[in-house]
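Below, subunit A partners subunit B and then partners subunit C, in two separate complexes.
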Partner chain A sequence: MLKAMISQLRTIWTILQHTFTKAETVQYPEQMPYLAPRYRGRIVLTKDPDGEERCVACNLCAVACPVDCIALQQGVKEDGRWYPEFFRINFSRCVMCGMCEEACPTNAIQLTPDFEMCEYDRNNMVYEKEHLQINGTGKYHDYNFYRVTGLAITGKDKGQAQNEAEPIDVKGLLP
Partner chain B sequence: MPVIQVDGQEYEVEAGKNLLEACLSLGLDLPYFCWHPAMGSIGACRQCAVVQYLNAEDERGRIVMGCMTPVTDGAIFSLSGDKARGFRQAIVESLMLNHPHDCPVCAEGGECHLQDMTVMVGHRDRHYRGRKNTHRNQYLGPLINHEMNRCITCYRCTRYYRDYAGGTDLAALASRDHVYFGRHSDGVLQSEFAGNLLEVCPTGVFTDKSLVHNYTRKWDLQSAPSVCVGCAMGCNTLPGERYGKIKRVHNRFNAEVNGYFLCDRGRFGAGFVHDERRLQYPGLRNNDGRYDAINHHEALQYMDRACAPGKVAGIGSPRASVEANFLLRTLVGEENFAPGFSDAEQPLVELVLRLQQDSRALVPDITTIESADAVLILGEDLTNTAPRIALALRQSVRNKAYEMAAELRLETWQDGAIRNLAQDQRSPLYIAAVADTPLDDVATNRISLAPDDIARLGNAIAANIAGQPNADLEQPLQEQVEMITTALAGAQRPLVLSGTGCGSTAVLAAAGQVADALCGNGVPAMLCLAVPEANSLGQALLTGCDAPGLAQLQQRAASGEFDTLVVLENDLYRRGSSAQIDQLLGAFQQVLVLDGLDNQTTSSATLALPAASFAESNGTLISLEGRAQHHYPVFQPHAERRPSWTWLLACMKEMQREEVRSLHHFDDITRACAATIPALAGITAAAPDHHFRNAGVRIPRQTHRYSGRTAMRADISVHEPRQPVDEESPLAFSMEGLNRDQPGALLPYVWAPGWNSNQSLHKFQAEVGGPLKGGTAGARLLQSGIGAGPGTFTAPAPFKAEPGRWQLVPRQRIFGSDELSALSPGLAELVQPGFIEICAADAQLLGVTEGDGLVVTKGITKGATEGVTTGVDNTLATLEARINDSMAVGCAGFSVGLAGVQNLRPLAPVSLRRAEGWQRRSPELIGSDRDAGPGGTHV
Partner chain C sequence: MSELGTISFGLFIILAAVGGAAVLTWFERRLLGIWQDRYGPNRLGPFGILQVAADMLKLLTKDDWVPPFADRMVFIFAPTAIVVAMLLGFAVVPFGPDLYVLDINIGLLFFLGMTSLAVYSVLLAGLASNNKYALLGGLRSAAQMVSYEVFMGLSLMGVVMLTGSFSMRAIVEAQRDMWYCIPQILGLFTFMIAGIAESHRLPFDLPEAEHELTAGFHTEYSGMKFAMFMLGEYLGLILICCMITTLFFGGWLGPWLPPVVWFCLKVFALICFFVLLRAAIPRPRYDQLMSLGWKFMLPLTLLNLLLTGAIALALRG
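Presenting the complex of A and B:
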């Protein structure tokens, strides 16, 4: 009898002690939590340091996506760059796994620490290119795919990419 | 069969193969680049290195190239030994030294043999720190994109282009690490088979230009087994679709029809499927001549009202499926159904069928054509009418080389050695044609003759072979006859080819005579006859040899026998002069037309119904060798487009016709057709019916990596519909199912683990280069070589050139002579303006030079005034003059199918004169220069 009562009192004492500990609960949204830059939230498309679209519509993000929620169509700009004619992410399907970012060979697609994507209408969860494209480089500031690739574009001829020699003169007679 | 030991395991392999072929056939993965099953080995890339041991005691071994090593009994190899693997890894690393960082922006990525092989050997880090070589690209025409930086110098392109396809304008230039594969200068690749470079190149040097500008990766393409509708060859294709557009056409391997290669008309000619002239909704002509879009219920009710009284005639189509034609024939009745040929073409196609049925000669497939050791072509320009046969003939002339190689006991895959040995010694190939042909460079001799003289030549050869020479030929021709007779009579497998291309029944009959005479000598001769369209022979089989023609239908309509005409997928304005067709259509009170594209016939219709294209419908087509082949829809038709058979079946159901009560599925129609038409009894064997399941599941049209499923339609609604169910075939519009071990007719794409490129095909073949594991697609309908002989034939009188009078002879063009392929934007750039070809002497006589205009008028000569009315304009056409000195004397060649030649008929006598004030035309197709006309347009 006495033993059981002591147990009860000890429990009440423990609970009372918690009155003075620091609360773990954050008063979201008044109080915003810290999210690291590599947090996997809303997806964006970034631009290269020169301000051009980074996405080359290679389709690797789409094929890496485990829920198949990325669809795009490639096109070629007048200057020779590949770009997405449309780029659509259905966020109502997205599981924020980040596989698209890992697959992206140009650092174009990146996940951001923004997770606040509540909508009353599910159709509003479908983001087109104009909703995804941001005007900066995101997490990776220096990479510019077209300075590395062998594909020539206006302003970068054959042989002008990183680590490339001048184009060979096929008709030259020197050995 | 020799037994070899690979990595300690003993395998029985086929003698006469090389180790690479043997390993791939056994299912062992051995990387390679330069070897190609159709082109043999040269050992250039050093990628297929293995270690060969002298005997069981030898522990050191030596590195040999798999593709250059014959399999011999007791040989011991190691594929997985460190030495071999290290060597192969080093080779890929050295091949990749200059390879650019292009994969994301390369149209080969995801189906790149170089990617596959790099992963297979395990190469990852590039140790070379030097700078990468770069090259400037060339403009190679509107079809093929050039990106020379990506080249790994395997030499496959030039070996294919020059050695296999006989092209001359692509070569390896410069030396050492400067080697460049391209043309001497920018320009359109001249070969008709250049498109195969896309599939032959193991990486992204040559890519599809139209695909590059609207790109979809291989894994995202939905594809289904299809059949090319560009000509009567029936090449098997794999069209790939994404977002409702056919993005590209790849080759689908069929050992007996097209092997590994397609022609450019087939590969780049499917653009009409999403042409802006496609009809979307049924159009009913209203009182002011415009078309109102109606829905399919209203359309069917209208059809029911129009057809119910029973005074209906039907015109079928040699480019529509057997089933659609059969339904129309059932709807209108056998005696009221015209197969849809022009009046000039109908007797030709019927004769082709009769000759093939009656001949004692074999009707060859592509492998037997390649095995021919003496060839005679009468009157046909095969490169432009049935291009894939021309490519096979280029291989047949190499049989001389193989004979020489056999004497030296060289294996057939020793490609470089055999070509060096033979140099330019070839098996005999004789061509008698109205003018030069693109095959002339491999021909022993080409003789230019008027069609009647070609027939006389053939007849004289036949008589000579039979041992009863008739000596009524002129001396120079007689010498040719002797030479050709000697070549054919001395051959083991002689082949005679002809076709409808030169428009002469006499030439066809003569070809039949030659083949039959050879059979009479006990030689297994072959007879191959080309017909114009994808289902021309099927139409002849369906209607038999005495079906009504267009002229007969018109007469009967004029006499009040009919008041309704149903036209199936046929632009009649390509089948006769405008006046004739106007008269034909005018004889009917209402004209119902089913077609895919808006053309002059649909614009003359009372009701036009939008028909699905080959890529959106099931169908059976019968190729020129009498092979029934099934094509499946690649994607579902949009809007109110329906396959023609669906329209016709629904119409007959609406009419409550007894014949169709038990027909529900496409297969039911095929079976009904086979049961009704004895000649077509075999078509049900062409492919499995819709009940077929592969190990219990369907065969997927989409790869297992197909992406974007939950986003493709999300802009319309996030609520994803169920995948469409295909009730007419064993294929599924989804990625679920099993693409393995199925019948050959049901192969929607090739892919195997580790093999993403088209080289994965060998995983689907019974042995490398051999037929598919599931059997060769299609069913042969013609019983080859059991006929009694074609009967006697009297050669026509010698052709006499008369001053001021020419005989019109057709000049076929691979781009533009057929109805649909040249609507593709890329090919449209290559279509030439319509022209008249005459020899230089005639040009001088007429006072014209190249590029001047020529007026073609009905032939007026002393004595012969047939068909000529004085006092009216007898002008048939005004076309650009071309001077071609190889043109037979007294003949004028006209470009078939191009703008401005509607009124010209093969073999018609015409007069020519210089056109005053001529302006050079721009390239156009028939119909593209027409005005809106009284009917207006549907667009």
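Presenting the complex of A and C:
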């Protein structure tokens, strides 16, 4: 009993000492909190160093998305590149989990340290491709999917990608 | 004081108490913020004091809904009871040598009676809401009442014994040589704990315990009726602090400053201490509260009573 009472008194004393400690609060609108570069906020679609859009519309992000907030339609350009005909993210559903970023094979979809995306109208929370697309490369500056992939497109045949050997003639008998 | 003077002073006290309770809602949050290393409401007006006005507006414009399954009459009566009882309690508080509404020779008993009536409000609210959480809150309130009301009354008997009167003014006058917080330290300790339980303040807010009972007895209340409960709670806090000041800390007595200022300063310091208790101490289980009341506080109070009686008798002897 006595021990418990002393413990209570010590608690009161400790709390009283906190009169002189500084508040931990970050006064948000005036004082911005530090957001790490890898903070998971608003989603963007990036472009590769040549200025072409990175997204190849593989649908992996839409599959990985736990709340099904990503919708897109795949199309093929004349040079053989794949691209999304539309790309739509419903941010009123998005939980900013970053699964889409992890699933993306071309580093196209990326999360940014920005969370200030309030809207008065709920329909404005649906972002189309033109709202998502940015002009930069995001977190990966040198990566260009079509330069490392084996897929043949106009101007780059099989075997011409970086670190790629010429294709083997599988029907030849020579070593 | 003349009849008219008394009435107008009474009205002033009512306004001051209600206004004080309103400001206290903001002040408590700021103070809790300081002790929990944050700011609390600091946006509206200087130091955020206009938060009170904003809260008031919100509560006044809220839908004041009576659930169809509730016992309508009692449901509406309950929140008024606590405010009326607490405000009546202020009648016997002497704010200065001549500043009081009522000086009756049973002042202390009147105060105890009024605070006990306030418990009915909680009980009735719990019953009338016809809601399981509210009922559990009312039940706990009843359990709490039987465990603290006994030693609450007894803890003050030491003071009465030393003074030889139930009149609040006589009690203050008797403290000219020494405040009762020294000879009645046990009484002060027990009365303070009973007072916290009486006003349902945080270490003993079992009837509303948000974490277990959503909001306890006022689960079904909204709008102004809910505001009445909050008002009653804060009025209770101020009343208990006024009482502790009067009974144990010499009321208006003090050098240099005018008596009313001394009284207000003491009450203010006590309110800060009560908020500190809220910031520091966790809530006990309600069987723990009951066993504390019956097994520790009651014997302690009786011991205090016995010692005070013996010493008073020996000194007078």
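Some points to look at:
As a working rule, the second predicted complex is superposed on the first by the 145 of 175 C-alpha atoms of A that agree within 3 Å, B and C clash if a C-alpha of one lies under 4 Å from a C-alpha of the other, contacts with A are read in each partner's own complex, and residues count from 1 in each chain.
Here is the rule we use: a contact is a pair of C-beta atoms (placed from the backbone, for glycine too) under 8 Å apart; a residue touches a chain by one contact, two chains touch by 3 or more.
Bear in mind that the values here come from a model prediction, so they are computed numbers and not experimental data.
In the superposition on chain A, contact of A:Met125 is made with subunit B only, not with subunit C. In the superposition on chain A, A:Lys158 contacts subunit B only, with no contact to subunit C. Judged by the touch definition given at the top, the superposed model places A:Pro167 against subunit B, while subunit C stays out of reach.
When both complexes are overlaid on chain A, the residue A:Cys97 reaches neither subunit B nor subunit C.
When the two complexes are overlaid on their common chain A, residue A:Thr106 makes contact with subunit B while staying clear of subunit C. Look at A:Met117: by the touch rule set out above, it reaches neither subunit B nor subunit C.
By the touch criterion stated above, A:Arg88 is placed in contact with subunit B alone, subunit C being left untouched. By the document's definition of touching, of the two partners only subunit B reaches A:Val56; subunit C does not. Among subunit B and subunit C, the chain that touches a larger number of residues in subunit A is B. Taken in their complex, subunit A has these residues touching subunit C: 1, 8, 11-12, 14-16, 18-19, 21-25, 27.
Listing the residues of subunit C that touch subunit A in their complex gives 33-39, 276-277, 279-281, 296. Contact residues on subunit A toward subunit B in their complex (touch as defined above): 56-60, 62-63, 65, 67-76, 82, 88-90, 92-93, 105-106, 122-123, 125-126, 128, 145, 148-152, 158-159, 161, 163-168, 170-172, 175. Note for the complex: subunit B touches subunit A at residues 100-105, 109-110, 131-137, 147, 149-150, 173-176, 178, 180, 182, 212-217, 219-220, 242-243, 705-712, 714-715, 717-719.
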